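You will see chain A twice below: alongside chain B first, and alongside chain C after that.
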Partner chain A sequence: MSTATVHDQPPTSTKRQRILAPPVTGQEIVLLGVIAVLWLVLGFTTPAFMSAGSIQPLLGAVAPIALIGIGMTVVIITGGIDVSVGASIAVCSVIIAKLVLVQAGLGLPVAVITGIVVGGLLGLLNGALIAYGRVHAIIITFGTANLFLWLSLKLFNSSTVNNIPDTLAALGNGSAGRTAGVPNSFLITVVLVALAWVYLRHTAGGRHFYAIGGDQLAAQLAGVKVRQRILIAYLLTGLLVGLASCIVVAQGSNLGQNVGTGKELAVIAAVVIGGTSITGGRGSVLGTVLGALLVQTVASGVTQLGWRSELSDLFVGVAIIIAVGADLIRERARRKR
Partner chain B sequence: MRSKLRLTAAVTVALAVAATGAACTKKNDTTAAGGGDAAGGTAKVAFVPKLQGIPYFEAMNDGGKEAAGELGVDWLYQGPTSADAAAQADIVNSFIQQKVDALFIAPNDPDSMAPLIKQGIDAGVKVGTSDTDAPNSARELMVLMASAEGIGKANTEALMKAMGGKGEYAIVSCGETASQLNQWIDEIKKYQTANYPDAKLVDTVYAGEDVAKATQMATDLMNAHPNLKGFVGVCSTAGPGVAQAVENAGKIGKVFTVGMGTPNDMKKYLQSGSASAGVLWDAKALGCLTAWAGLQLAQDKQFQASQPVEACGLDKVTYDSSTKVLLMGDPLTFTKDTVGNYNF
Partner chain C sequence: MSVPTTAEPDSGQANPRPPAATATESVPARIIRALLTQRIVLLAVLIVLVVAYFSILGAGGYLTASYDFDYLSAALINAVPLAMLGFAQLIVILSGRGGIDLSVGAIVSLAGMIFGFAYGQWGWPLWTAILLTAAVGTVLGLLNGLLVAYIGFPALIATLATYYAYKSLAVVVNNQRPISTKPIQDLYESTAQSVSLPLIGDYIPDVPKGIFLFLLPTVIVVWLLLARTTYGRRVYAIGTNDVAARWSAIDVRATRAGAYALSGLISGLVAVVTVGQFASARPDAGVSGNGMALPAITIAVLGGVAITGGIGRVSGIVLATVLIVWTNAGIRLAFEGNAGPQYQLLALGLLLVFSALLNGFALRRYGGVS
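Entry: the complex of A and B
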């Protein structure tokens, strides 16, 4: 079995040959290298890029994107996508800011739990529709995105949420939001990414997501509870959106109705740049964090170098195209083997 | 199984199309009904904001409603839920179809709105702009809250007062193509160069309508320019955004900010000292003036260079017949002591 060429083998043995991708994929090493080079270059060419006052807010800005990116990575690994996360952020943050913090004046635990529960419910709705409705995820989540947007606009009720108390300062970008100099929001992200990385890589449940993305029918025949797994992927994304929304609320004292706008694209960009295949079956949460880190590094770098703001859009666009291109080339190479 | 899947997909798509169609029809019905109520002798004045639901335009709507009660105008207000030019065009179109007497628009995309403005005028509707102009259009009136020079001066004066008249400062704006914001930025530069030669503008960046991004960019600018002493946030999200950045960095009293946020958005930052002043205008009065101007247009009245207004708590406004601009007055500069006087 091991000596035969791959394409003559039934799918199961192909799987066995590369049951685990290397712990750090090629794309992740490239990303790490690019980020390291950028940080070094920016450290030398700008007055303070490598200072705490620059790196701390950068990590704080990465946190919500990377957190949601964990869920989005799992969703994209199953061959799906969730374009409703921006609107979900709007729903969760307005509930946290307006109802929990401003009107009820409740504390951080209640805010975080509320955020996670609300996010979870939204994710559950997405998951149920996609797993049992059997319509492509982009259509379903596009629909729910509009639904969630409507819901958030109803909750905002034509006014900005003002005077949000600093109950969530521990998750914010101020000095109260740091432990040993590192933003708490980023520490939470690192812990959750580590857990997700181990889960996806080393447990049967985690591998099932890859199996579904690789070949849904084969996975089903192999005994994977496909619908249940797909449901969990979107539920997980929703839960993380809830948590990320707490960080978003913690970042200012006002909340306007455009909160979350376009964030689905920022998250998907981080996932794709991180090397997760948009067609499903391959990817890792480590890459997603690095992708988010690269995007924010580019944005901050462009500003600190005094370059024109639109250049960061150009660089991010190029990074996405290179990442997708690299993925397609790898895919083709794999087929030829 | 595959054909079943296809069937499901087809049915879903069909349902989706049907639902969208229904939603559209419904929307048009509502607006038509809104217009239908107005059947009577009173002038119908409609205002289409850039987007509905944000406090600034809601304050304008409040002002318009108030004027409507006072002047006997039928005030109609509808905008898209996001600052989307196409969605806005649909609403403008529906008001033209309803043949309102006067129609005011705060265009998201002034140039793409021009043909529609022409169409409205051809259909016998008096079409003007309010808040934001469409300079290359046939609009019959522009209701302007404050001149660009006035806004440039107010921002610069407020910032220079806090900075002691010298030092490096930076500007954070929203969209790079927002011509009105760019005009204000030019006026800030011009006024500062002429009156505060010891101050220096080091960079202008564009954060979009995203508070968190404005905060992050302001943070990056403070790192890039260690001697930076001030920020102007020239749009409603950049104002609170730059103040938040100063607060996060613990640089209150070292870096000063002036922002064009609404009083409610700026309040907390003015109180903490991370913002020295806010610059805006009374949005409610602007809405009121828009309704009043709509009535004048509907009645074919001519404006005078110094035009008295018998409503809105406004005494006199000025009118420039060459540009057809009705100017409300000077912008407001509010500080922590006066921010409580406004509620929007």
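Entry: the complex of A and C
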């Protein structure tokens, strides 16, 4: 699909028409600009912002949101949504922290694999219900969110998990969790985002997700295994939730019962700020990472300016309105041409 | 059936409906058809089963307190905010185009704080304070409506954004402190307390006041609005097919924006109820824990509202609320300590998943749920 030959073009057209979206879309350039401006302004107004001690936790906090954002981008591209990721984080985190690290005292590979497997199972449940039950994704994931939350609270057993050993330090915020000054969790995110970007853009499998989001029936008639693809989208989200949960657990030695609360909305916010269309068929993981970076920059900036931390939610809301509003206006202009 | 022929779903054309119940259909088949296609029948059966189950558990001494009619009646106070927000979701989801309102909980928080200021601190009379709160809710909802109907935001995104914004404002407006002055504390008496009904009060259990002051008026007004006014029929029409509605000279945008404003108005009234119930205007009243939007959407779906718009009834919302409230009331007695609220989550999740799967199955097997 990525090779547009000259024969495909109408003979009168002098301009070469694109089939793929440009590698970096307008929305992403604007986001980059906004983030750059924010960093410069914050750097000048609050000297502490530009220090390593401020940037490193910022990147560490972006990592789980952006990681889950990869899966959520794919899900939203297919025209679905997953509001259960917050509860899935709670389930994966408590299993990793309480069962694997505290009670069994196992090592990092076991913890990571357990997290990914558990997350994958939760995602598989969502995907199976949505793809084969043929029910609206938002309804099913609202329901499974409740189920997952129950499961996590059951595992927490009414107490926080304390004294988590630093087995996962390589993913944490400490000096053991950094390579050349950059948090490992952020590096993992960058690598996975790059892989997802290439996969979604340049392989047939990746383009199938866009086809489903564009027109599910047309995709089916064109030979896309629609149900299987949708199942894979939710499974992928689940796997990434498992990995992100390892990073969440690695952040500290305690794990509260409210872990993951509201994360689903943070991830969806990052995805839509990044220019992915909620109606499906359009979007990129690069935008999602930038969206997550913007949200975290705002949160970090608000705290550093000494404002109430709750105020950052107001800016996130406004950012969503502006980002999606700009996209709507551009879309309207595109249709007029 | 409150859905007249003018608002029939158009899905039937692409996928012809199976013929209606014929005389040849056996009695069990007819019962199953009624259970699957008429949501209120299913809900009524489930309510009877739940009450019977917990009553038997109670009679056998397995519950921490008796699950009798007084208890069930007192538990109905929890139905007031739930059912009202269920109506808010009903109107918004009916209006179609992926209509949903994630911001109701945040509106409850913010409008509740405004009510706390007006009634608790500025010393406004109760009615003016309630009017102000309702007006604030309407304006907040109208903002959603303008974004969705006039600018074309997907409802999920617009209300997600305003959820964040309103939630943040509610916390910041009074520096995260709740307002619980004397007049606010006295409100508890007038909303949550149970009263004995005149004339028939001796024969039935006492009922919480909030049911009469807020829930019943809302039920009647919403039912009249949706089933008996032009505006209500227009909401069904735009939810069913907004292109056809526009060709019928309906102002689709204004109608849809109005649905979100109504949702805000109801959320504003819920704010008053919530402040009375907690005897305090809390900045996180509507968003703490799972928030209020999720249970409200659950009730709407459980009540048979089609998420694609145009199909849904007031009676479904009422029965779904009663089912959830009485199930939760039973679970609270069956488990001690924190386990109760946890199992309420399980019950809510299972109900939602199964009702959604059932909707899908009924749609394929019988051509729809009403």
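What we mean here is this: the second predicted complex is superposed on the first by the 314 of 337 C-alpha atoms of A that agree within 3 Å, B and C clash if a C-alpha of one lies under 4 Å from a C-alpha of the other, contacts with A are read in each partner's own complex, and residues count from 1 in each chain.
In this text, a residue touches a chain if its C-beta (ideal position, glycine included) is under 8 Å from a C-beta of that chain, and two chains touch if they have at least 3 such contacts.
Since we're looking at a predicted model, the values are computed, not measured.
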{"item": "Clash-or-fit label for the pair chain B, chain C on chain A", "value": "clash"}
{"item": "Chain B versus chain C as contact partner of A:G143, first or second or both or neither", "value": "both"}
{"item": "Which of chain B and chain C A:S158 touches, first, second, both or neither", "value": "both"}
{"item": "Touching partner for A:R134 - first (chain B), second (chain C), both, neither", "value": "both"}
{"item": "Touching partner for A:I320 - first (chain B), second (chain C), both, neither", "value": "second"}
{"item": "Partner chain(s) touched by A:V249 [first = chain B, second = chain C, both, neither]", "value": "neither"}
{"item": "Touched partner set for A:L311, first chain B, second chain C, both or neither", "value": "second"}
{"item": "First, second, both or neither for A:F49, with chain B first and chain C second", "value": "first"}
{"item": "Chain B versus chain C as contact partner of A:A196, first or second or both or neither", "value": "neither"}
{"item": "Overlap of chain C and chain B interfaces on chain A (superposed complexes)", "value": "133-136, 139, 143, 149, 153, 158, 261, 310"}
{"item": "Residues of chain A touching chain B in the complex", "value": "46-49, 51, 53-54, 57-58, 61, 133-136, 139, 143, 149, 153, 156, 158-160, 162-163, 172-175, 248, 251-254, 256-258, 261-262, 296, 299-300, 303-306, 309-310"}
{"item": "Interfacial residue positions of chain A with respect to chain C in the complex", "value": "81, 129, 133-136, 138-140, 142-150, 153-154, 158, 261, 265, 268-269, 272, 278-279, 308, 310-314, 316-318, 320-321, 324-325, 328, 332"}
{"item": "Chain B to chain A touching residues, read off their complex", "value": "5, 8-9, 12-13, 16, 52-55, 58, 81-82, 176, 202-203, 205-207, 209-212, 215-217, 219-226, 237, 240-241, 244, 247-250, 262, 264-265, 267-269"}
{"item": "Residues of chain C defined as touching chain A within the complex", "value": "98, 100, 147, 151-154, 156-158, 160-169, 171-172, 175-176, 289-290, 294, 297-298, 301, 307-308, 337-338, 342-343, 345-346, 348-353, 356-357, 359-360, 364"}
